[in-house]
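Two complexes, one shared chain (subunit A), two partners (subunit B, subunit C).
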Partner chain A sequence: MIKMDAVLVGFGTVGQGVAEAIQMKDQLFVDRFGEGIRIVAAFDSNTYAASKKGLNPTELVRTKVGKGNIGKKRPETIPEMLSRLDYDVLVEMTPTNIVDAKPGIDHIKAALNAGRDVVTSNKGPLALKFREISKLAAKNKCNLRFEASVGGATPVINLASELLRCERISSIRGIMNGTCNYILSRMESEGLPWEPALREAQQLGYAETDPSYDIDGIDTACKVAILANAIMGNDVTVHDVERTGIRGVNLEAVTLAAQDKKVIRLIGEITEKGVEVAPRLIPRGHPLSISGTLNTFHIQTDLAGEIIVAGRGAGRHETASAVMSDLWVIMRTKEPNSHSS
Partner chain B sequence: MRVNVDLRLKDVPGQLIGALEPVSRNDGNIVGVVHSHDKVSAGRIGVNLTFEVSSEMNLDKIMNEWTARGVDILKIDHLFETFHLEYVIVGTVSANEMKRITDGIQALGGVESLNVRYSVSSSDEKTALISGKVRSKDVIKKANHFMRERSKRSGFLMIRGFGD
Partner chain C sequence: MIKMDAVLVGFGTVGQGVAEAIQMKDQLFVDRFGEGIRIVAAFDSNTYAASKKGLNPTELVRTKVGKGNIGKKRPETIPEMLSRLDYDVLVEMTPTNIVDAKPGIDHIKAALNAGRDVVTSNKGPLALKFREISKLAAKNKCNLRFEASVGGATPVINLASELLRCERISSIRGIMNGTCNYILSRMESEGLPWEPALREAQQLGYAETDPSYDIDGIDTACKVAILANAIMGNDVTVHDVERTGIRGVNLEAVTLAAQDKKVIRLIGEITEKGVEVAPRLIPRGHPLSISGTLNTFHIQTDLAGEIIVAGRGAGRHETASAVMSDLWVIMRTKEPNSHSS
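And then the complex of A and B:
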């Protein structure tokens, strides 16, 4: 029997989705490992709930949605509590901060220093301090997994770093931001100018009220930095990524491109030459000419040639899907004969 | 660039290898070899060779090495492959700047054709598609570098193609 006691930090869209998925997939884990995942503590920005026997995920979500918080005031800071609590894995899902990676970085370091495994969807610590935390994880023999941080449900990190291990990967190019892709697709299919296309994306809940994080390419640059570090073995931060967003792309540009059988897409690119985010002219019919909000990754390798993977880049259960796959892999590493499966 | 040559070699063992070696030594990539035993004239045999080479400079080196080894070059054809170059630019781009851009790309060499198409616009902002055919990926690389510089200096948005 393998036990997995989890602490959830951050209980917004992704945190609640993960709690629900843990409940939903309980039997799958019980069948394989003899026991399901228990949530022994959960934190939002101000409050927390904890139970050694495990909290009821459905109750947690109901309380959060009903009352706006999940429990009582914290007696100490979250990093202090993460050093003291008894658990196996931290699931870090607080907001991405690309100025100083806080609070996520402090949570991750506290857990790794306490010898706990970490799964995270938070791009900040990975896009700013990748080497520091991966070294700390290695030093303390902890798992650090972050499939959800890039591409939401799309399994690009684990695909490239585990299943394509024998390949020499020469480039990864992708559509990594659903909001930008939605805006560009609508401009092209409906002839919408930039402003109304952006407003439509905001009304549908794809873009934030302050959309600059998406449309200036910052979100894509974070993902490019993470992929470069995790898959291509680089040592870069989001600030090293050369970045042009889609702010200046007007309807005339989209139309001229269309006359030449091309579409304009915001592409994140990791090659041997460098790391870059920029709008590019993509031939119609190319896998990266895809319309809508899906994320798509195009991986160029020496033996396999091209590998293409696409999926939903965001959403409550979509992102939870990636977190669950990381939790599953960690449980497998704890099986006595883990090499056999 | 792709090159096709007709060579004459002495009909003695080791000559063919000797003719191929300079190609690989100078970063060339051999695409095809047609060895014709029947075309023997004055103790020599004919070989038709197709290969790719990255620059004129390397091609010159290969030819010099052949001459030094006593390989006769009867005929040489450049079979150019073309690559597409394309940019959409958006911004307040003056006629002068546009000329600087097209002249600058032409000056890189290896450009077979270059076209500019403007979109009709009511504002000061100009949107244009620059497209062309060039003879190597190396030209695209240089053009990208040049366009990046211009876009930084003049402050227009540059959307480049996917061919590099």
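And then the complex of A and C:
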């Protein structure tokens, strides 16, 4: 029987989605490991709730949605509480901050220093301080997993690091931002200029009100940095990524490309030449010509040649899916005689 | 130190590719497991070679290419020898036979009955006798792995069974035959009628001289049956798959689809409605609209929503890639304290 007591930090869309998924998939974990995941504490930005016997995930979400917060005021800071509480895994889901990675970085370090495993969807700490936290995890013999930080539900990190163990990966290229891809797809399919396509993406809730994070390629650059570090063994931060967004892509360029049976896509790439984000011409029918909001990753290897994996890059249950898959792997590694599945 | 003594049966393109890959990746296995994979015997259709100390993979391929056979006449049948020899894993790579699954089925059963693990690229036994051999493997506590049997290098089976463990999979749809997809892509991009597109595929070595296996959807139906059994827990054979090939798809249909921004693709599908192969209209930009010879699988799930994986469906090193990944997993499961990667 494998026990897994989790602390959830960050209780916005992703946090609530993970709570719901833990509830939804309880039986699956019980069937396999003898016990489900227990949420022993949860934190939103101002309050927290805790119970050694486990909090009811449905109740937690209901309280958050109804009252706007999750429980009572914290007696200490979150890192202090993460050092003191009794749990097995921190699930860190606060918003990405690419200036100083806070508060996520402090949560992750507190948990690793306390010898706890960490699963995170937060790009900031991974795009800015990858070496530091991965070394800390190794030093304390903790798992540090972050499938949800790149490509939402798309299992690109676990695919590359678990299923392609016999491959030498020479490059990764991908559509890593659904908002940009939606805008470019609409320009091409509807002949929309840039501005109305962006407004449409905003109205549908794909783009932020300040869209710079998406369309200037910052989000893609974070993901490029994470993949470069995690899969290719590089040591880079988001600031090392050469970056051109899609502001310069006008309808004329999209139309001209279409005449040549090509599409324009914002591509993040990790190659021998370096790490870069830029709009690229892609032949129609190529795996990286996919329309809409999916994230798509094209991995070049020596034996397989090329492997493509795609999925939904955002969304409550989509991101939760990636978090759950990391939690599953951690429980599996704790089995005394763990097998492959 | 994990030892892995392999017997290779079938020494055509795939068998030779696997021998080369075992050589290429030797250091990777030594670094991780303390020992590489040793080929203790290899069989082509008429001859065999064996050595308790391990055969040199490069020499084996050189002998086969130079002399047309691998060694000396067999004293017994292959199943008899597989029952008698000392080894850990059978790698079964004889050609697919969808009439009676022979000779592959006899090799696989002999190895499983002797308590050996099995890795195979051979669709016949899996598309005709899946339950029988998977039960036999379970009874003898043996691994039976077959990533290479569907989609060549594409890790669709291992992705679904290992990385999507928390997902409820409701359907799988895919482009599972590169030859058909090549023909349909060329009809659309070059305005080629059916016949010259097929001849082109044959000249490039994609299609068989008797192309029926590809274009009548038989190959796709085999893969549909395997995925239905292995991932969806069905109990079907290739004969249960409703099947329409691409012979009826003319240039007019392809052109008409293009006017509506759609493409025609031969899609294999496993849904709640059943198992089927048929040409389908796919919107341009959809993951299943990909051109060329790649195999693409679209998996519908409850949390992730949709996951797509694609890769090269055939080829010497591509198929070897899938075999190697299965061999890696088997070695990993033998580690006393095996971890996730």
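What we mean here is this: the second predicted complex is superposed on the first by the 338 of 341 C-alpha atoms of A that agree within 3 Å, B and C clash if a C-alpha of one lies under 4 Å from a C-alpha of the other, contacts with A are read in each partner's own complex, and residues count from 1 in each chain.
The definition used in the following text is that a contact is a pair of C-beta atoms (placed from the backbone, for glycine too) under 8 Å apart; a residue touches a chain by one contact, two chains touch by 3 or more.
Owing to the predicted nature of the structure, the values given are computational and were not obtained by experimental measurement.
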Could you tell me if A:Gly311 is touching subunit B, subunit C, both of them or neither one (first, second, both, neither)? second
Which of subunit B and subunit C A:Ile282 touches, first, second, both or neither: first
If you stack the two complexes on chain A, which partner ends up touching A:Lys262: first (subunit B), second (subunit C), both, or neither? first
Using the touch definition from the top, say if A:Ala50 reaches subunit B (first), subunit C (second), both or neither. neither
Classify the contacts of A:Ala21 with the two partner chains as first (subunit B alone), second (subunit C alone), both, or neither. second
Looking at A:Ile2, would you say it contacts subunit B, subunit C, both, or neither? Reply first, second, both or neither. neither
Partner chain(s) touched by A:Ala114 [first = subunit B, second = subunit C, both, neither]: neither
Contact-wise, after the overlay, does A:Ala253 reach subunit B, subunit C, both or neither (first, second, both, neither)? first
Look at the residues of subunit A and decide whether subunit B or subunit C touches more of them. C
Both subunit B and subunit C contact which residues of subunit A? 283, 286
Please output the residues of subunit A touching subunit B within their complex, sorted ascending. 244, 248-250, 252-253, 255-257, 259-260, 262, 264, 278-283, 286, 288
Once bound in the complex, which stretches of subunit B touch subunit A? 86-88, 90-91, 117, 119, 121, 125, 127-129, 131, 157-162
Which residues, counting only subunit C, touch subunit A once they are in their complex? 21, 24-25, 28, 153-155, 158-159, 161-167, 185, 189, 261, 263, 283-287, 289-292, 294, 296, 301-312, 315, 317-318, 320-322, 324-325, 328-329, 332-333, 337-341
